[in-house]
Amino acid sequence: METMQHHAQHVQICFDCAAACEHCASACLREDHLQMMRDCIRLCRDCADFCKMCGSLTARDSEFMMKFMVLCADVCDACADECSKHDHEHCRLCAEACRRCADDCRRMTVTA
Amino acid sequence: METMQHHAQHVQICFDCAAACEHCASACLREDHLQMMRDCIRLCRDCADFCKMCGSLTARDSEFMMKFMVLCADVCDACADECSKHDHEHCRLCAEACRRCADDCRRMTVTA
Amino acid sequence: METMQHHAQHVQICFDCAAACEHCASACLREDHLQMMRDCIRLCRDCADFCKMCGSLTARDSEFMMKFMVLCADVCDACADECSKHDHEHCRLCAEACRRCADDCRRMTVTA
Amino acid sequence: METMQHHAQHVQICFDCAAACEHCASACLREDHLQMMRDCIRLCRDCADFCKMCGSLTARDSEFMMKFMVLCADVCDACADECSKHDHEHCRLCAEACRRCADDCRRMTVTA
(Lines give C-alpha, C1' and ligand atoms only; values in the text may rest on other atoms or scores of the structure.)
Protein backbone atom coordinates (compact mmCIF):
# COMPACT_ATOMS: atom_id res chain seq x y z
CA MET A 1 0.00 0.00 0.00
CA GLU A 2 2.76 2.35 1.08
CA THR A 3 4.69 1.13 -1.95
CA MET A 4 1.83 1.66 -4.41
CA GLN A 5 1.31 5.22 -3.12
CA HIS A 6 5.04 5.76 -3.53
CA HIS A 7 4.88 4.46 -7.10
CA ALA A 8 1.72 6.38 -8.01
CA GLN A 9 3.51 9.64 -7.21
CA HIS A 10 6.44 8.73 -9.46
CA VAL A 11 4.12 7.72 -12.30
CA GLN A 12 2.39 11.10 -12.15
CA ILE A 13 5.70 13.01 -12.09
CA CYS A 14 6.86 11.06 -15.17
CA PHE A 15 3.68 11.73 -17.14
CA ASP A 16 3.66 15.41 -16.10
CA CYS A 17 7.19 15.67 -17.46
CA ALA A 18 6.21 13.88 -20.68
CA ALA A 19 3.33 16.34 -21.14
CA ALA A 20 5.61 19.34 -20.53
CA CYS A 21 8.13 17.99 -23.07
CA GLU A 22 5.53 17.26 -25.75
CA HIS A 23 4.10 20.74 -25.30
CA CYS A 24 7.53 22.43 -25.27
CA ALA A 25 8.67 20.69 -28.46
CA SER A 26 5.53 21.83 -30.31
CA ALA A 27 5.70 25.36 -28.92
CA CYS A 28 9.42 25.61 -29.83
CA LEU A 29 8.55 24.63 -33.42
CA ARG A 30 6.30 27.73 -33.62
CA GLU A 31 8.88 30.19 -32.21
CA ASP A 32 10.39 32.99 -34.35
CA HIS A 33 14.03 32.18 -33.63
CA LEU A 34 13.73 28.55 -34.60
CA GLN A 35 17.49 28.09 -35.15
CA MET A 36 18.07 28.54 -31.43
CA MET A 37 15.50 25.90 -30.53
CA ARG A 38 17.02 22.95 -32.45
CA ASP A 39 18.52 21.23 -29.40
CA CYS A 40 15.48 21.97 -27.29
CA ILE A 41 13.12 20.30 -29.79
CA ARG A 42 15.45 17.33 -30.19
CA LEU A 43 15.86 16.76 -26.44
CA CYS A 44 12.18 17.33 -25.62
CA ARG A 45 11.28 14.67 -28.19
CA ASP A 46 13.57 12.10 -26.56
CA CYS A 47 12.65 13.13 -23.02
CA ALA A 48 8.90 12.88 -23.71
CA ASP A 49 9.34 9.28 -24.90
CA PHE A 50 11.62 8.33 -22.01
CA CYS A 51 9.20 9.75 -19.43
CA LYS A 52 6.15 8.07 -20.96
CA MET A 53 8.00 4.77 -20.86
CA CYS A 54 9.27 5.40 -17.32
CA GLY A 55 5.71 6.11 -16.14
CA SER A 56 4.42 3.00 -17.91
CA LEU A 57 7.10 0.66 -16.53
CA THR A 58 6.53 2.03 -13.02
CA ALA A 59 2.74 1.67 -13.24
CA ARG A 60 3.31 -1.94 -14.43
CA ASP A 61 5.78 -2.55 -11.60
CA SER A 62 8.17 -3.88 -14.26
CA GLU A 63 11.37 -5.63 -13.17
CA PHE A 64 13.25 -3.27 -15.53
CA MET A 65 11.94 -0.02 -14.06
CA MET A 66 14.87 0.74 -11.75
CA LYS A 67 17.50 0.38 -14.47
CA PHE A 68 15.34 2.47 -16.75
CA MET A 69 15.06 5.24 -14.16
CA VAL A 70 18.85 5.59 -13.98
CA LEU A 71 18.93 6.35 -17.71
CA CYS A 72 15.73 8.43 -17.62
CA ALA A 73 17.25 10.72 -14.96
CA ASP A 74 20.17 11.51 -17.31
CA VAL A 75 17.82 12.29 -20.21
CA CYS A 76 15.74 14.57 -17.96
CA ASP A 77 18.90 16.38 -16.80
CA ALA A 78 20.04 16.98 -20.38
CA CYS A 79 16.59 18.31 -21.36
CA ALA A 80 16.39 20.53 -18.24
CA ASP A 81 19.86 21.98 -18.94
CA GLU A 82 18.88 22.92 -22.49
CA CYS A 83 15.39 24.25 -21.63
CA SER A 84 16.78 26.44 -18.85
CA LYS A 85 18.84 28.37 -21.45
CA HIS A 86 15.65 29.81 -22.97
CA ASP A 87 13.24 32.46 -21.69
CA HIS A 88 10.02 31.04 -23.13
CA GLU A 89 7.40 30.15 -20.54
CA HIS A 90 7.06 26.64 -22.04
CA CYS A 91 10.83 26.10 -21.71
CA ARG A 92 10.82 27.28 -18.09
CA LEU A 93 7.93 24.98 -17.18
CA CYS A 94 9.56 22.09 -19.04
CA ALA A 95 12.90 22.59 -17.26
CA GLU A 96 11.09 22.50 -13.90
CA ALA A 97 9.20 19.33 -14.80
CA CYS A 98 12.43 17.68 -16.02
CA ARG A 99 14.32 18.57 -12.80
CA ARG A 100 11.47 17.16 -10.70
CA CYS A 101 11.40 13.95 -12.75
CA ALA A 102 15.19 13.50 -12.64
CA ASP A 103 15.11 13.95 -8.84
CA ASP A 104 12.25 11.51 -8.42
CA CYS A 105 13.90 8.88 -10.65
CA ARG A 106 16.97 9.11 -8.38
CA ARG A 107 14.83 8.99 -5.22
CA MET A 108 13.16 5.81 -6.51
CA THR A 109 16.43 4.05 -7.31
CA VAL A 110 18.00 5.01 -3.96
CA THR A 111 15.05 3.90 -1.81
CA ALA A 112 14.58 0.67 -3.80
CA MET B 1 -4.64 30.73 -21.93
CA GLU B 2 -8.16 29.48 -21.24
CA THR B 3 -7.54 26.92 -23.97
CA MET B 4 -4.21 25.67 -22.61
CA GLN B 5 -5.73 25.21 -19.13
CA HIS B 6 -8.55 23.33 -20.78
CA HIS B 7 -6.06 21.11 -22.62
CA ALA B 8 -3.83 20.55 -19.59
CA GLN B 9 -6.76 19.01 -17.74
CA HIS B 10 -7.48 16.62 -20.60
CA VAL B 11 -3.82 15.63 -20.85
CA GLN B 12 -3.76 14.74 -17.16
CA ILE B 13 -6.98 12.72 -17.39
CA CYS B 14 -5.54 10.77 -20.35
CA PHE B 15 -2.26 9.96 -18.58
CA ASP B 16 -4.10 9.05 -15.34
CA CYS B 17 -6.16 6.60 -17.38
CA ALA B 18 -3.04 5.20 -19.06
CA ALA B 19 -1.45 4.66 -15.64
CA ALA B 20 -4.57 2.91 -14.30
CA CYS B 21 -4.68 0.64 -17.37
CA GLU B 22 -0.96 -0.26 -17.22
CA HIS B 23 -1.34 -1.07 -13.52
CA CYS B 24 -4.57 -3.05 -14.01
CA ALA B 25 -3.10 -5.19 -16.81
CA SER B 26 -0.10 -6.11 -14.64
CA ALA B 27 -2.23 -6.76 -11.55
CA CYS B 28 -4.67 -8.91 -13.58
CA LEU B 29 -1.73 -11.03 -14.78
CA ARG B 30 -0.98 -11.88 -11.13
CA GLU B 31 -4.58 -12.81 -10.19
CA ASP B 32 -5.56 -16.40 -9.28
CA HIS B 33 -8.46 -16.70 -11.71
CA LEU B 34 -6.42 -15.65 -14.71
CA GLN B 35 -8.85 -17.19 -17.25
CA MET B 36 -11.48 -14.61 -16.27
CA MET B 37 -9.06 -11.73 -16.80
CA ARG B 38 -8.14 -12.39 -20.45
CA ASP B 39 -10.34 -9.64 -21.92
CA CYS B 40 -9.41 -7.22 -19.16
CA ILE B 41 -5.67 -7.62 -19.86
CA ARG B 42 -6.20 -7.34 -23.60
CA LEU B 43 -8.34 -4.19 -23.36
CA CYS B 44 -6.16 -2.51 -20.71
CA ARG B 45 -3.16 -3.00 -22.99
CA ASP B 46 -4.89 -1.25 -25.90
CA CYS B 47 -6.45 1.43 -23.71
CA ALA B 48 -3.11 2.30 -22.06
CA ASP B 49 -1.57 2.92 -25.49
CA PHE B 50 -4.53 4.91 -26.78
CA CYS B 51 -4.57 7.15 -23.69
CA LYS B 52 -0.80 7.78 -23.78
CA MET B 53 -1.14 8.79 -27.41
CA CYS B 54 -4.24 10.90 -26.73
CA GLY B 55 -2.40 12.74 -23.95
CA SER B 56 0.63 13.26 -26.19
CA LEU B 57 -1.35 14.55 -29.19
CA THR B 58 -3.28 16.93 -26.92
CA ALA B 59 -0.12 18.24 -25.22
CA ARG B 60 1.32 18.81 -28.73
CA ASP B 61 -1.88 20.53 -29.87
CA SER B 62 -1.81 18.18 -32.86
CA GLU B 63 -4.23 18.77 -35.73
CA PHE B 64 -5.23 15.11 -35.42
CA MET B 65 -6.15 15.18 -31.74
CA MET B 66 -9.91 15.66 -32.15
CA LYS B 67 -10.34 12.72 -34.53
CA PHE B 68 -8.16 10.64 -32.23
CA MET B 69 -10.33 11.49 -29.21
CA VAL B 70 -13.45 10.15 -30.93
CA LEU B 71 -11.76 6.76 -31.28
CA CYS B 72 -10.09 6.95 -27.85
CA ALA B 73 -13.48 7.48 -26.17
CA ASP B 74 -14.72 4.18 -27.67
CA VAL B 75 -11.64 2.29 -26.50
CA CYS B 76 -12.05 3.74 -22.98
CA ASP B 77 -15.73 2.70 -22.95
CA ALA B 78 -14.87 -0.87 -23.96
CA CYS B 79 -12.18 -1.09 -21.27
CA ALA B 80 -14.47 0.43 -18.60
CA ASP B 81 -17.26 -2.03 -19.48
CA GLU B 82 -14.93 -5.00 -19.06
CA CYS B 83 -13.18 -3.73 -15.90
CA SER B 84 -16.52 -3.02 -14.21
CA LYS B 85 -17.37 -6.76 -14.39
CA HIS B 86 -14.61 -7.56 -11.88
CA ASP B 87 -14.40 -6.95 -8.13
CA HIS B 88 -10.65 -6.32 -7.91
CA GLU B 89 -9.72 -2.89 -6.56
CA HIS B 90 -7.43 -2.30 -9.57
CA CYS B 91 -10.30 -3.09 -11.96
CA ARG B 92 -12.66 -0.74 -10.12
CA LEU B 93 -10.14 2.11 -10.19
CA CYS B 94 -9.37 1.43 -13.86
CA ALA B 95 -13.06 1.46 -14.82
CA GLU B 96 -13.46 4.84 -13.09
CA ALA B 97 -10.40 6.30 -14.86
CA CYS B 98 -11.66 4.98 -18.22
CA ARG B 99 -15.16 6.49 -17.74
CA ARG B 100 -13.61 9.84 -16.83
CA CYS B 101 -11.32 9.75 -19.87
CA ALA B 102 -14.13 8.73 -22.25
CA ASP B 103 -16.28 11.61 -20.92
CA ASP B 104 -13.44 14.10 -21.24
CA CYS B 105 -12.59 12.99 -24.79
CA ARG B 106 -16.25 13.65 -25.71
CA ARG B 107 -16.29 17.00 -23.88
CA MET B 108 -13.20 18.06 -25.85
CA THR B 109 -14.66 17.10 -29.23
CA VAL B 110 -18.00 18.82 -28.50
CA THR B 111 -16.50 22.10 -27.27
CA ALA B 112 -13.93 22.20 -30.10
CA MET C 1 -2.27 -18.44 -41.94
CA GLU C 2 -3.19 -16.45 -45.02
CA THR C 3 -4.45 -13.76 -42.66
CA MET C 4 -1.32 -13.65 -40.52
CA GLN C 5 0.89 -13.31 -43.62
CA HIS C 6 -1.39 -10.53 -44.77
CA HIS C 7 -1.05 -8.82 -41.38
CA ALA C 8 2.71 -9.31 -41.12
CA GLN C 9 3.17 -7.36 -44.34
CA HIS C 10 1.09 -4.46 -43.01
CA VAL C 11 2.98 -4.46 -39.72
CA GLN C 12 6.29 -4.15 -41.58
CA ILE C 13 5.02 -1.34 -43.82
CA CYS C 14 3.82 0.57 -40.71
CA PHE C 15 7.14 0.21 -38.88
CA ASP C 16 9.12 1.11 -42.04
CA CYS C 17 7.06 4.29 -42.27
CA ALA C 18 7.60 5.04 -38.56
CA ALA C 19 11.36 4.64 -39.05
CA ALA C 20 11.36 6.93 -42.11
CA CYS C 21 9.38 9.58 -40.18
CA GLU C 22 11.61 9.43 -37.08
CA HIS C 23 14.67 9.76 -39.31
CA CYS C 24 13.17 12.57 -41.41
CA ALA C 25 12.16 14.63 -38.34
CA SER C 26 15.70 14.40 -36.94
CA ALA C 27 17.35 15.14 -40.29
CA CYS C 28 15.02 18.12 -40.88
CA LEU C 29 16.07 19.54 -37.49
CA ARG C 30 19.67 19.63 -38.77
CA GLU C 31 18.88 21.35 -42.10
CA ASP C 32 20.08 24.90 -42.88
CA HIS C 33 16.70 26.31 -43.88
CA LEU C 34 14.97 25.19 -40.72
CA GLN C 35 12.08 27.67 -41.09
CA MET C 36 10.88 25.75 -44.16
CA MET C 37 10.91 22.45 -42.30
CA ARG C 38 8.52 23.35 -39.45
CA ASP C 39 5.49 21.52 -40.85
CA CYS C 40 7.59 18.58 -41.95
CA ILE C 41 9.02 18.06 -38.45
CA ARG C 42 5.59 18.47 -36.86
CA LEU C 43 3.88 16.01 -39.21
CA CYS C 44 6.71 13.45 -39.12
CA ARG C 45 6.47 13.43 -35.31
CA ASP C 46 2.76 12.66 -35.39
CA CYS C 47 3.06 10.20 -38.27
CA ALA C 48 5.86 8.26 -36.56
CA ASP C 49 3.66 7.75 -33.49
CA PHE C 50 0.58 6.82 -35.52
CA CYS C 51 2.51 4.25 -37.56
CA LYS C 52 4.16 2.66 -34.50
CA MET C 53 0.75 2.32 -32.93
CA CYS C 54 -0.81 1.01 -36.16
CA GLY C 55 1.92 -1.63 -36.44
CA SER C 56 1.46 -2.60 -32.79
CA LEU C 57 -2.34 -2.87 -32.95
CA THR C 58 -2.07 -4.95 -36.14
CA ALA C 59 0.56 -7.29 -34.66
CA ARG C 60 -1.73 -7.71 -31.62
CA ASP C 61 -4.73 -8.34 -33.88
CA SER C 62 -6.55 -5.67 -31.84
CA GLU C 63 -10.29 -5.19 -32.34
CA PHE C 64 -9.58 -1.47 -32.80
CA MET C 65 -7.02 -1.84 -35.58
CA MET C 66 -9.39 -1.24 -38.52
CA LYS C 67 -10.77 2.03 -37.14
CA PHE C 68 -7.24 3.11 -36.32
CA MET C 69 -6.08 2.42 -39.89
CA VAL C 70 -8.71 4.77 -41.32
CA LEU C 71 -7.25 7.62 -39.25
CA CYS C 72 -3.64 6.50 -39.78
CA ALA C 73 -4.10 6.65 -43.57
CA ASP C 74 -5.10 10.33 -43.29
CA VAL C 75 -2.07 11.15 -41.12
CA CYS C 76 0.22 9.37 -43.61
CA ASP C 77 -1.33 11.32 -46.50
CA ALA C 78 -0.78 14.65 -44.72
CA CYS C 79 2.84 13.76 -43.97
CA ALA C 80 3.48 12.54 -47.53
CA ASP C 81 2.01 15.74 -48.99
CA GLU C 82 4.31 17.90 -46.88
CA CYS C 83 7.44 15.78 -47.36
CA SER C 84 6.98 15.73 -51.12
CA LYS C 85 7.39 19.55 -51.18
CA HIS C 86 11.05 19.23 -50.17
CA ASP C 87 14.10 18.05 -52.15
CA HIS C 88 16.00 16.43 -49.29
CA GLU C 89 16.66 12.72 -49.76
CA HIS C 90 15.17 11.97 -46.29
CA CYS C 91 11.98 13.83 -47.24
CA ARG C 92 11.68 11.95 -50.54
CA LEU C 93 12.15 8.58 -48.83
CA CYS C 94 9.70 9.56 -46.09
CA ALA C 95 7.03 10.64 -48.59
CA GLU C 96 7.37 7.27 -50.36
CA ALA C 97 7.06 5.32 -47.09
CA CYS C 98 4.01 7.39 -46.08
CA ARG C 99 2.25 6.82 -49.44
CA ARG C 100 2.90 3.08 -49.16
CA CYS C 101 1.57 3.01 -45.60
CA ALA C 102 -1.54 5.06 -46.44
CA ASP C 103 -2.29 2.71 -49.34
CA ASP C 104 -1.78 -0.38 -47.21
CA CYS C 105 -3.99 0.96 -44.40
CA ARG C 106 -6.75 1.45 -46.99
CA ARG C 107 -6.16 -2.01 -48.52
CA MET C 108 -6.51 -3.56 -45.03
CA THR C 109 -9.76 -1.77 -44.25
CA VAL C 110 -11.29 -2.60 -47.65
CA THR C 111 -10.41 -6.32 -47.57
CA ALA C 112 -11.47 -6.68 -43.91
CA MET D 1 26.21 6.54 -45.75
CA GLU D 2 27.86 3.40 -44.44
CA THR D 3 26.63 4.44 -41.00
CA MET D 4 23.02 5.04 -42.04
CA GLN D 5 22.90 1.61 -43.74
CA HIS D 6 24.29 0.13 -40.56
CA HIS D 7 21.63 1.92 -38.52
CA ALA D 8 18.78 1.04 -40.87
CA GLN D 9 19.48 -2.64 -40.33
CA HIS D 10 19.35 -2.24 -36.56
CA VAL D 11 16.11 -0.25 -36.76
CA GLN D 12 14.47 -3.03 -38.76
CA ILE D 13 15.68 -5.74 -36.35
CA CYS D 14 14.24 -3.75 -33.42
CA PHE D 15 10.84 -3.25 -35.04
CA ASP D 16 10.72 -6.92 -36.17
CA CYS D 17 11.31 -7.89 -32.55
CA ALA D 18 8.64 -5.46 -31.32
CA ALA D 19 6.16 -6.98 -33.80
CA ALA D 20 7.01 -10.54 -32.69
CA CYS D 21 6.56 -9.56 -29.02
CA GLU D 22 3.23 -7.78 -29.58
CA HIS D 23 1.96 -10.78 -31.51
CA CYS D 24 3.27 -13.31 -28.95
CA ALA D 25 1.67 -11.47 -26.00
CA SER D 26 -1.72 -11.46 -27.75
CA ALA D 27 -1.44 -15.09 -28.85
CA CYS D 28 -0.38 -16.18 -25.34
CA LEU D 29 -3.50 -14.49 -23.93
CA ARG D 30 -5.61 -16.81 -26.12
CA GLU D 31 -3.81 -20.05 -25.14
CA ASP D 32 -5.54 -22.80 -23.10
CA HIS D 33 -2.91 -23.10 -20.40
CA LEU D 34 -2.91 -19.42 -19.58
CA GLN D 35 -1.34 -19.88 -16.12
CA MET D 36 1.89 -21.03 -17.76
CA MET D 37 2.03 -17.95 -19.99
CA ARG D 38 2.00 -15.25 -17.27
CA ASP D 39 5.73 -14.46 -17.46
CA CYS D 40 5.74 -14.67 -21.24
CA ILE D 41 2.95 -12.09 -21.56
CA ARG D 42 4.57 -9.81 -19.00
CA LEU D 43 8.00 -9.93 -20.64
CA CYS D 44 6.67 -9.62 -24.20
CA ARG D 45 4.81 -6.47 -23.14
CA ASP D 46 7.98 -4.86 -21.79
CA CYS D 47 10.15 -6.11 -24.64
CA ALA D 48 7.76 -4.78 -27.30
CA ASP D 49 7.97 -1.30 -25.78
CA PHE D 50 11.75 -1.41 -25.36
CA CYS D 51 12.27 -2.50 -28.96
CA LYS D 52 9.91 0.13 -30.39
CA MET D 53 11.80 2.76 -28.44
CA CYS D 54 15.18 1.33 -29.44
CA GLY D 55 14.17 1.41 -33.11
CA SER D 56 12.89 4.98 -32.75
CA LEU D 57 15.99 6.30 -30.97
CA THR D 58 18.22 4.65 -33.57
CA ALA D 59 16.23 6.03 -36.51
CA ARG D 60 16.50 9.48 -34.87
CA ASP D 61 20.23 9.01 -34.30
CA SER D 62 19.60 10.01 -30.67
CA GLU D 63 22.56 10.69 -28.38
CA PHE D 64 20.95 8.29 -25.89
CA MET D 65 20.64 5.31 -28.24
CA MET D 66 23.82 3.49 -27.21
CA LYS D 67 23.00 3.52 -23.49
CA PHE D 68 19.48 2.44 -24.33
CA MET D 69 20.74 -0.52 -26.39
CA VAL D 70 22.71 -1.87 -23.41
CA LEU D 71 19.48 -2.07 -21.41
CA CYS D 72 17.39 -3.23 -24.39
CA ALA D 73 19.74 -6.19 -24.93
CA ASP D 74 19.05 -7.38 -21.35
CA VAL D 75 15.30 -7.08 -21.80
CA CYS D 76 15.50 -9.03 -25.09
CA ASP D 77 17.56 -11.75 -23.38
CA ALA D 78 15.02 -12.10 -20.56
CA CYS D 79 12.14 -12.33 -23.05
CA ALA D 80 14.02 -14.84 -25.25
CA ASP D 81 14.80 -17.05 -22.22
CA GLU D 82 11.15 -17.17 -21.22
CA CYS D 83 9.74 -17.63 -24.75
CA SER D 84 12.14 -20.49 -25.44
CA LYS D 85 10.53 -22.51 -22.61
CA HIS D 86 7.29 -22.81 -24.60
CA ASP D 87 6.43 -24.90 -27.67
CA HIS D 88 4.00 -22.48 -29.30
CA GLU D 89 5.03 -21.31 -32.76
CA HIS D 90 4.56 -17.65 -31.72
CA CYS D 91 6.89 -18.19 -28.72
CA ARG D 92 9.55 -19.84 -30.89
CA LEU D 93 9.45 -17.01 -33.44
CA CYS D 94 9.50 -14.42 -30.66
CA ALA D 95 12.52 -16.03 -28.96
CA GLU D 96 14.39 -15.95 -32.29
CA ALA D 97 13.54 -12.28 -32.89
CA CYS D 98 14.61 -11.40 -29.32
CA ARG D 99 17.98 -13.20 -29.67
CA ARG D 100 18.64 -11.42 -32.96
CA CYS D 101 17.76 -8.05 -31.43
CA ALA D 102 19.88 -8.63 -28.29
CA ASP D 103 22.85 -9.59 -30.50
CA ASP D 104 22.39 -6.58 -32.75
CA CYS D 105 22.08 -4.18 -29.78
CA ARG D 106 25.43 -5.53 -28.54
CA ARG D 107 27.00 -5.30 -32.02
CA MET D 108 25.94 -1.65 -32.23
CA THR D 109 27.38 -0.73 -28.84
CA VAL D 110 30.68 -2.53 -29.52
CA THR D 111 31.24 -1.00 -32.98
CA ALA D 112 30.23 2.48 -31.79
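Residue numbering begins at 1 within each chain, and the chains themselves are lettered A, B, C and D in the order written.
The criterion applied here is as follows: contacts are C-beta pairs under 8 Å (C-beta built on N, C-alpha and C of every residue); 3 or more make two chains touch, one makes a residue touch a chain.
Everything numeric here is computed off the predicted structure, so don't read it as measured data.
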Third chains touching both subunit B and subunit A: C, D
Chain pair, C-D or B-C, that carries the greater number of C-beta contacts: C-D
Between subunit D and subunit B, distance of the C-alpha-averaged centres to the nearest whole Å: 26
Intercentroid distance (Cα basis), subunit C paired with subunit B, Å: 24
Distance between chain centroids, defined by C-alpha means - subunit C, subunit D (Å): 21
Shared interface positions of subunit C, touching two or more other chains: 25-26, 45, 56, 60, 62
Chain contact graph, described as a line, ring, star, complete graph or other shape: complete
Subunit D to subunit A touching residues, read off their complex: 45-46, 49-50, 53, 56-57, 60, 62-64, 67-68, 71, 74-75, 78
In the complex, subunit B residues that touch subunit A: 8, 11-12, 15-16, 18-20, 22-23, 25-26, 48, 52, 55-56, 59-62
Parts of subunit B lying in touch with subunit D, wherever the complex brings them together: 25-26, 29-30, 34-35, 38, 41-42, 45
